[in-house]
Amino acid sequence: MCEAAEGSTTGNRGSSEVSLRTMGSGFRSREASSAPTSGGPGGGVVAPEAPALSRWGSGSPLTRLVRQREFGIIAVGVVLFAVFSLASSGTFDSFQTWGGIGSSAAELGIVSVGVGFLMISGEFDLSVGANFAFAALVMATMVHDGYPPIEGLLVDLGIGIGIGLLNGIVTVFLNIPSFIATLGTYFLWSAVVLIVTGGTTITILPPTPTLLNVLGGFIGDQMRSEILWWLGIALVVGVVLHRTVTGNWIYAIGGKRMAAREAGVAVARTRVLAFVLCGMLAAFAGAVQLAHLGSMSAGYGSAYQLEAIAASVVGGCALTGGRGSMVGIVVGTVILQMLASGLILSGVSPYWYQAVVGIIIIVAVAMHTRIGAVVHGAES
Amino acid sequence: MSAPTTNDEQEHAARGPLWLEARSITKQFGAVIALSDVDVSFSLGEVVGLIGDNGSGKSTFVKILSGVYQASSGSLLVEGKPVRFHSAADARAMGVETVHQDLGLVDSMSIARNFFLGAERRKGPFLDLKRMERETSAMLREIGLGNLRAIGQDVSRLSGGERQAISIGRAVAFQRKMLILDEPTSALSIQETEKVFEFMRAARDRGLAVLAVMHNLTQVRDVADRFVVFYHGRKIADIVNTGQSEQDLAHYIIEGKLAEMGIEREQVDMGVIRAITTE
Amino acid sequence: MRRGAGAGNHAWRGRGGGGARLLGVAAVVVALGAWFVGVAAGPALAASAHHTTSKSARHAESPRAKKPKKAKLPKHGKLTYYFVSHGCPTTTFWVNVWNGARDAGKQFGVNVKILKVTTAQCTNVSAVVTLLSTAIAAHPNGIVATVESPTAFSSALKTATHDGIPVVVMNTAPTNTGKPTATNPYLAYIGQDNYTAGVEAGTEAIKLFHLKSGEPVVIVDQEPTNISLTARDKGIEAAMGPAGITTTVVNTSTTVSSGTSVLSAYLTTHKTVKAIMELGPTGAQQAVGALKADNLKGIPIGGFDLSSTVLNYIKRGLVGFTLDQQPYLQGYYSVEELFLRSTVGAAPVTIYTGPAFLTPKNVKKLGKFVTLTGY
């Protein structure tokens, strides 16, 4: 939603005429192909038709579309969709399939929104799977024992925020790399959840409380409300990421932390905030899955940390931070879920699933780095 | 030839009032004396070129001015009043903007977002991207960078000179009083260097005190209104640029070096001078 | 019932078969009994029913019987069944289940697509639900599923029923007995009643190990999140509690070595323990290992499921008995029931493939048949 929207605006192109007192083009920008070259080696010559400073520079709308960082991965998604639709003899592009894909994508997707946000700030959270199960199990126990579901949800979110805060404090103030810090808290919370619950599965038998239906019940025949929660959260966090100061700082911190600090960005506070958001969303995803499945156990969140990182990477988030977009994170999640179902429905041996995911990750990353280089002509 | 003079009496045509004064600055790191009793003053509307070999103390001096280090003794005065810079943020708050080599910009962000980083323009809770882009391109044009292809492109796609332009433009736009540039041209081609000088002059003409740390004598002649030379932690020359030849400049520096070594010029034959000049 | 081989009774009970059930199923049921009890005719039938196309067939010493006569069945196109389970891809137990399903597929000429969670998702029920939803979206001729939660699979199972896709549940059912409900509709359950198995194991242990009131027994739970193991544990407690025997659950680990040290530490500090009940092969390895580490002798072990290691323990007398639920047959029967349903409309019936007792006494006689099914 967000980067794409930016791309479609033309910014101040119309209003900015280049003043003639501009001191020529002693050097030119690296997009040599389209920049005027009349400056010549001597410099100081005014380019007669100096282009206005448009948002994305010259080029047809198509060229500009292709320049979007997400274009490649969206194209991959569309191609996969077409291939699966043809190969599955009509079972893939059905509402039923997409209801299923949507549900599982929603739960992973809510986790991925937080993980991707954090990744753009240059950090990891490997504890989301444990956080997910722990927070949701506490909520499940509370609902099961007759507490109002809303209290359960608040406690769930509180646990997520607390875990995120701890991750942030350990990483930022103890200066431990987040990969290590959250690996530590992953083990910690995985153990705590077993210690507290003894490993039992908590089941909330019907009648399902209203709140749980709101979080994960059916709306219509095939679709569950969790899809709306996911897209809504992605929209809100996407706006924060792309359209607010906080988001700007997240990119800056992930891109070059020193530069951000020099520019007066509240680096420590913003980094901790990203961890808190990630923790809170992991816990919320747990609540949503509890609502969907009606049960929760210590093992339910397993594998989410790696899948969420995979979804973010496929969607264009750089492992080193500073790059990525909400559209990309959402599309990355959809592609991963689409692969899981599409391969099965196309009759490919499911053994291939992980292999294909691996290939897609590598292709996506190669594409994100190469497309930028080729399209923007940075090789010159 | 007269002895090198301090600049205090000699007015540069466009020079504005005195802004920052460094008085008797000494900096010690343990037993090592990095700066010893250095006095330099900076006026608005003037480009000062700070010259010196490696280890001459010029980066230590710059770090003291930008608040990264604190002086062991001596004082800083802004508009005649003593100030203390405890941090880089303090210095920036007072109006001193320092552009470190390739450190100030986030490669993965657009020009406008970089330009306004830490001082984003807002419309309600949201970024006012259009306004930021408009103001960025206006400011860049004003300091002489008008031929960027797109304001929405990432900084990573810009040349070294264009990056300097953005940093310099930022200092101008946010009405800093003093701009410190650390080796702004060291990685640039001749053409780009000339452009960066344009930006520096543009900043000066808008009333900033500009301090450029450089080691290339030829280049510094093109841009500086005044030269300050450091040698072994001391200021050995402080000369207004009156269009001296490179040779003249070298002599000032040599004389300063010789004086620092306690040698009278008359005692030295030209062989030694050549040796020192080419140092 | 179910004393072991000497008793001459087979240990499985099937709910009455529907009138339409074919000879094929009858033959399999008979073969099953024969297979386990070791009646003279058993090996031939068992081999014909299950192993003519399996890899393990080359180990069969029994004469190879003729293949089932497919010509007798009504014509059908290539049938496709999806086999969805929560089994970890690398667990021996599940490898046997899938071998059974695959062999049945080959034998009946149907396409069996086995869907598995990834190793990282092994405890992730949501992943299994997603697989099941995808399988339903493919509209196959039938689905075999495991149901690990009374609520999580409900809407998927309802959708399948609504879409007219026959579903057979195997190994793990939302109720102890495997009986389908309105919340979780499906046609039949192939597996074991883990609670009942627990009760039987507890009763057997009291008798076999001469346990008396007031004596402490340790239950080794290597995977506390597994509801099947929890049901077994509850069954054991239900059998031992009334006899006055005190039971303590020690949660170990799915990793043999670390679980062994946990149990070893417990036994060192609790010297009065009179018997160890383990809930699966991993627990059995941990129990044997802990006794060896502590140099303890004379504490008997009993438990559940079968692996080549457990078989070896039983042969050497290290484990007193194990309750086998025959994973190979669970896979095989599930596909077979769907096949019969697709071809002749036979209503699938619930089949309990266990518990069957294997002890040092009958292991000699049964060992090679056990090996046949690929432990």
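A, B and C are the chain letters, set down in written order, and residue numbers restart from 1 in every chain.
Please note the rule applied: a contact is a pair of C-beta atoms (placed from the backbone, for glycine too) under 8 Å apart; a residue touches a chain by one contact, two chains touch by 3 or more.
Bear in mind the structure is a predicted one, so any value in this text is a computation, not a measurement.
K.L.:
In contact with chain B and with chain C at once: which chains are those? Just list them.
P.N.:
Shared contacts of chain B and chain C: A.
K.L.:
Counting C-beta pairs in contact, which chain pair has more, A-C or A-B?
P.N.:
A-B
K.L.:
How many angstrom between the C-alpha centroids of chain C and chain B?
P.N.:
The answer is 79 Å.
K.L.:
Where the CA atoms of chain A average out and where those of chain B average out, how many Å apart are those spots?
P.N.:
Chain centres of chain A and chain B, defined by C-alpha means, are spaced 42 Å apart.
K.L.:
Would you tell me which residues of chain A are touching chain B in their complex?
P.N.:
Touching chain B from chain A are residues 6, 9, 11-12, 15-16, 18-19, 22-31, 34-36, 39, 41, 43, 47, 50-51, 53-58, 239, 243-245, 247-249, 251-252, 254-256, 258-260, 262-265, 318, 322-323, 376, 378.
K.L.:
Show me the residue ranges of chain A that touch chain C in the complex, using the header's touch definition.
P.N.:
These residues of chain A touch chain C: 88, 91-92, 94, 96-97, 99-100, 103-104, 107, 194, 198-201, 203-206, 218, 289, 292-295, 297-303, 306, 337, 340-341, 344-345, 347, 350, 353-354.
K.L.:
Under the stated contact criterion, what part of chain C meets chain A in this complex?
P.N.:
Within the complex, chain C touches chain A at residues 113-116, 118, 120-127, 129-131, 133-139, 148-152, 154-155, 159, 183, 223-225, 227, 230, 251.
K.L.:
Touching residues of chain B toward chain A in the complex: what are they?
P.N.:
Of all residues in chain B, those touching chain A are 88-89, 92, 100, 103-109, 113, 117-120, 122, 125-127, 129-130, 133-134, 137-138, 140-141, 144-153, 156-159, 161-162, 189, 191-192, 194-195, 198.
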